[in-house]
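Here the structure comes first, spelled out in structure tokens, and everything after it is commentary.
Labels run A, B, C and D following the written order; every chain starts at residue 1.
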Amino acid sequence: MAEKYTTNELMAVTASRLLRDSDNIVVGLGLPQIAAQLAKTTHAPNLNIVYEIGSINPDAIEMGVGIADPRLWYQSQYFTSFVGTMGHVLQKGMIDVGFLGALQVDKHGNLNSTHLKTSKTSTGIRHFNGSGGAADMACFSKRIMAVMKHDKRKFVDKVDFLTSVGYLDGSDSRSREGLPMCEYIKIITNLCVFGFDNEERVLAVETLHPGISVQEVIDNTGIELSIPEAVKRTDEPTEEEISLLRNQIDPLKMFI
Amino acid sequence: MAEKYTTNELMAVTASRLLRDSDNIVVGLGLPQIAAQLAKTTHAPNLNIVYEIGSINPDAIEMGVGIADPRLWYQSQYFTSFVGTMGHVLQKGMIDVGFLGALQVDKHGNLNSTHLKTSKTSTGIRHFNGSGGAADMACFSKRIMAVMKHDKRKFVDKVDFLTSVGYLDGSDSRSREGLPMCEYIKIITNLCVFGFDNEERVLAVETLHPGISVQEVIDNTGIELSIPEAVKRTDEPTEEEISLLRNQIDPLKMFI
Amino acid sequence: MKSKVMGLSEAVKEIPNEGACLALGGFAITRNPIAFVHEIIRQQKKDLDVYQTVAGMDTELLVGAGCVKKLNYTSGSLDRFGRLERINADIDQGKLDIREYSGLSLSMRFLAGAMGIPFIPTKALLGTHMLRDLIEKKDDGVRVETSPFDGEKYVYLKAIQPDIAVIHAQYADKTGNVIIEGPKWDVEMAKSAKKLYVTVEKIVSEEYIKQNVEKVAIPSLYTHAIIEVPFGAFPNAVYKVYDYDREYLIDYAKTNKNIDKYDNYLKEYVLGTKDHNEFLEKIGGLARLSNIKADPIFGYKVEVS
Amino acid sequence: MKSKVMGLSEAVKEIPNEGACLALGGFAITRNPIAFVHEIIRQQKKDLDVYQTVAGMDTELLVGAGCVKKLNYTSGSLDRFGRLERINADIDQGKLDIREYSGLSLSMRFLAGAMGIPFIPTKALLGTHMLRDLIEKKDDGVRVETSPFDGEKYVYLKAIQPDIAVIHAQYADKTGNVIIEGPKWDVEMAKSAKKLYVTVEKIVSEEYIKQNVEKVAIPSLYTHAIIEVPFGAFPNAVYKVYDYDREYLIDYAKTNKNIDKYDNYLKEYVLGTKDHNEFLEKIGGLARLSNIKADPIFGYKVEVS
């Protein structure tokens, strides 16, 4: 167990440990990619990493500014099209883990990465980036993970705009909509790990990060939560993991 | 005009002259390929030649034994899959000319390249090669050409098995079936050129090869024909065309 | 074989002055056909119906210049440099008819177009608000149907064949065989168009094409025009040729937050230059461009210390 | 990365003894997985449901050895060397449940399988007797439907995901990245399978793969097993490695016309050899094989005089 680590480091390690060896994963830039690199260096050397832009298993040695940055394509094993990655690999059900980020998440794990409601514009919305391939990853990945900053305005009862499907209206509504069923959805925040492994498919704390109180999570979540006092704690990073993150995976501290 | 030429040479030249510059064509081995080469060397330098196996515009210098022969792929400009050639290029309607061969043709230009009826087998059929991509070329090409030996048993009222669509039951039955309409179908034989440019879409002689009599065609065609005595003659090859065929395109006389 | 080489201005002149359906090939900050887009703005094409899977500066320039009526896309950004604030602002103010898809669904509409089939079924978009909005807007690109094979619900995505597709690639020969190095996200889009325009860094010999046939992503029979425009994607990256211009993008990501600044930018750098060479001279010419040249092995600019 | 390298006998042992759905990658006389097929015959797999777009000796050997119950294909031949007379004879005698498609329609069934979509629509097959017979046989691969977009008639082709696909390629690394040189007709088929077995001429380094990434036709995440079998397609051709063996094919095209001769051939050359090396020794060994080596530029055997 490491003596000292940052919250970002804890989040990266937590995400990393959820990856299994030989998983096929789709990641974007940032913490997810850091987590994938860490897993590949430790317990999951056979991870296959797919980038929606059309690159598989690169061995990048520099961090890029996004998946469209050629730095991320160095030493790739395969180049293809959007249809080749998302239309083939993902849609065929070959992706084990889709790593997402979002503006908002709701109590059934639906994500919004497109726009927020506001009173400041004539249309009543403020548009951000749009969903790109994230919507598709949420649809077709076996396991869905999102990494998000914990914030009352980001954890809401209903997302302003549903771009990436979670459990829709909860219970069996996802499969009733005709969507492929996922094994789980987990949201990793700076305070805790959320899951939806209950019958109603409602947001529930799975583990609290070390040093975080139940009240702190409740105060920062815009969704009603009932958290048992005996809730488990998130496992702490090991010295080795922290050392790999700092010295090998993100030495320039771009994301950690 | 050439003094002397073989029937095969005349057929190759006739087919060649039907190709227009910048046509995209699909060919198999044999006379069609010879015709395409001749056209490319003379009036159609911008011909694009697509082979269903997944090669475009090779510049072969040796004749092969079929489209699966690597001799035909030399100096290709593009390699792709069956879906890439037939599913994309052909199905999108980009092929101007599809060159076919067949066991049988019927009075509406439907072709059979799969099996013939016979009393000698328990199933009543004798199976040959099957249609492969030929069926698809007949469906999607703008102009369809077949090169066939003239034989009573090959020109029949109804094909034993319809693999490649012509005008189906004649008149507008092809479009009523929901098929893309073609500009024309022409059958080039050792005796004449047949077309179907009448309202009923019925086999009709367009030109008689030099020296061939009306009676000769009627005797060798298993379909009722009415041929006006004033029917046109097929244009004869030029000296240049014959010289190109003999000295440059098929010097080993593999097909000519 | 016939040459399909054209000049940029001449190529853009072929586009109808109003209402063309145009697909663009960039992806965030890479291989965006910037030179082509600048020329569209100079020639003041209007009411464009634009398709781009992951938009970048190329589409934003067209939107900012008032050339776009309808935008069909899935997302867009300048990667970490910033958002497409100029597009976002127009969306927020209801000035742009916007049709949002997921990446897979829009790229499959191109695939169906490239294959000449009427539609293609998918589970993508089900349950999303993109689908809800497309249906509300009576967009004809999607229908929710039941597959006759498994009785399940699918979105049937209508084939799209844009009038014009524009991509920027590394190389092509004069007959139109196009080499794309690296990821090829835009191949189905390119093949779906009625007319494909390709701007390239360099026109290479037919011999080079044959020697590198495995890199040919688009064979000549798809290509309507080849336009040689060195640094045609600047300030975006072209794998193995040049990197994105970091400082330029940082500045741009400030400019696009302010409509007046943005209009001035367009006036000065796009409308105020007569062609791409003049634009390149204006932004710093050879000195600036030499500085972003890619290392041929790494494919981007490697800092050599 | 984990090695997916397997021995041939071990790989074939994974196939169920009865009733597997098997797709084969050869095309007439090129890149046929002959060594793999020989081993299937030695292990006496039965009642196979075989798919191949353009069949060659690979499927014929399986049919001749009595391993095949149902054959789904579009055509087959030994190119100019002859027909697949052994298959044709079984069809003529009603011994084989045969499902005939056109090339495009069968390859699109693979495409739909590779994309995980339930079906794909096409105009192909309309009006043909292949379609008539498939419907008469109640084959579940095709349905004639009306497109909700244009109201026109289409054949909806059901996705096929064979249990096992086998292709023969030039190279792969041990992790399963596969290089195919030349035409890649079989890529969608390979990607459609639940388990993909690839026999290759040579296992190359991961470094070679990265240096030749544009030649990688199938990335490792599709590959279940890599099996190194030099001359694994003999007597068929492997582009840039070796040519087809002309004399062998001429002889084979006589053998397959006579069922007794064919049975003897199987007994002697397939069942009578314990593995592919013994088969290669039997047919003439190094002397014969050296004679068909391909010229690395031309890709086939060039007669040097």
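Rule of thumb we're sticking to: a residue touches a chain if its C-beta (ideal position, glycine included) is under 8 Å from a C-beta of that chain, and two chains touch if they have at least 3 such contacts.
Not measured: the values here are computed from a predicted model.
Chain pair with the larger contact count among B-D and A-D is B-D, by C-beta pairs in contact. With centres taken as mean Cα positions, chain D sits 28 Å from chain B. Taking each chain's centre as the mean of its C-alpha atoms, chain A lies 57 Å from chain B.
Averaging Cα coordinates per chain places chain C and chain D 39 Å apart.
Touching of two or more other chains is recorded for residues 76, 79-80, 87, 91, 140 of chain A. For chain D, residues that reach two or more other chains under the stated contact definition are 117, 122, 152, 154, 214. Taken pair by pair, the chains that touch are A-C, A-D, B-C, B-D, C-D.
By the touch rule above, chain C contacts chain B in their complex via residues 1-2, 114-117, 177, 191, 206, 209-210, 213-214, 216, 219-222. Residues 22, 24, 45-46, 48, 50, 56-57, 59, 75-80, 87-89, 91-94, 140 of chain A touch chain D in their complex. Every residue of chain C that touches chain D in the complex is listed here, in rising order: 117-122, 140, 143, 145, 147-150, 152, 154, 156, 158, 181, 212, 214-215. Chain C meets chain A in the complex at residues 27-30, 53-54, 56, 73-77, 79-81, 83, 87-88, 91-94, 100, 102-105, 107-108, 110-111, 122-130, 152-154, 182-188, 237, 239-240, 243-244, 294, 298-300.
Chain A meets chain C in the complex at residues 29, 51-55, 62, 64-71, 73-74, 76, 79-84, 86-87, 90-91, 113-115, 121-123, 125-136, 139-140, 161-165, 168, 174, 177-180.
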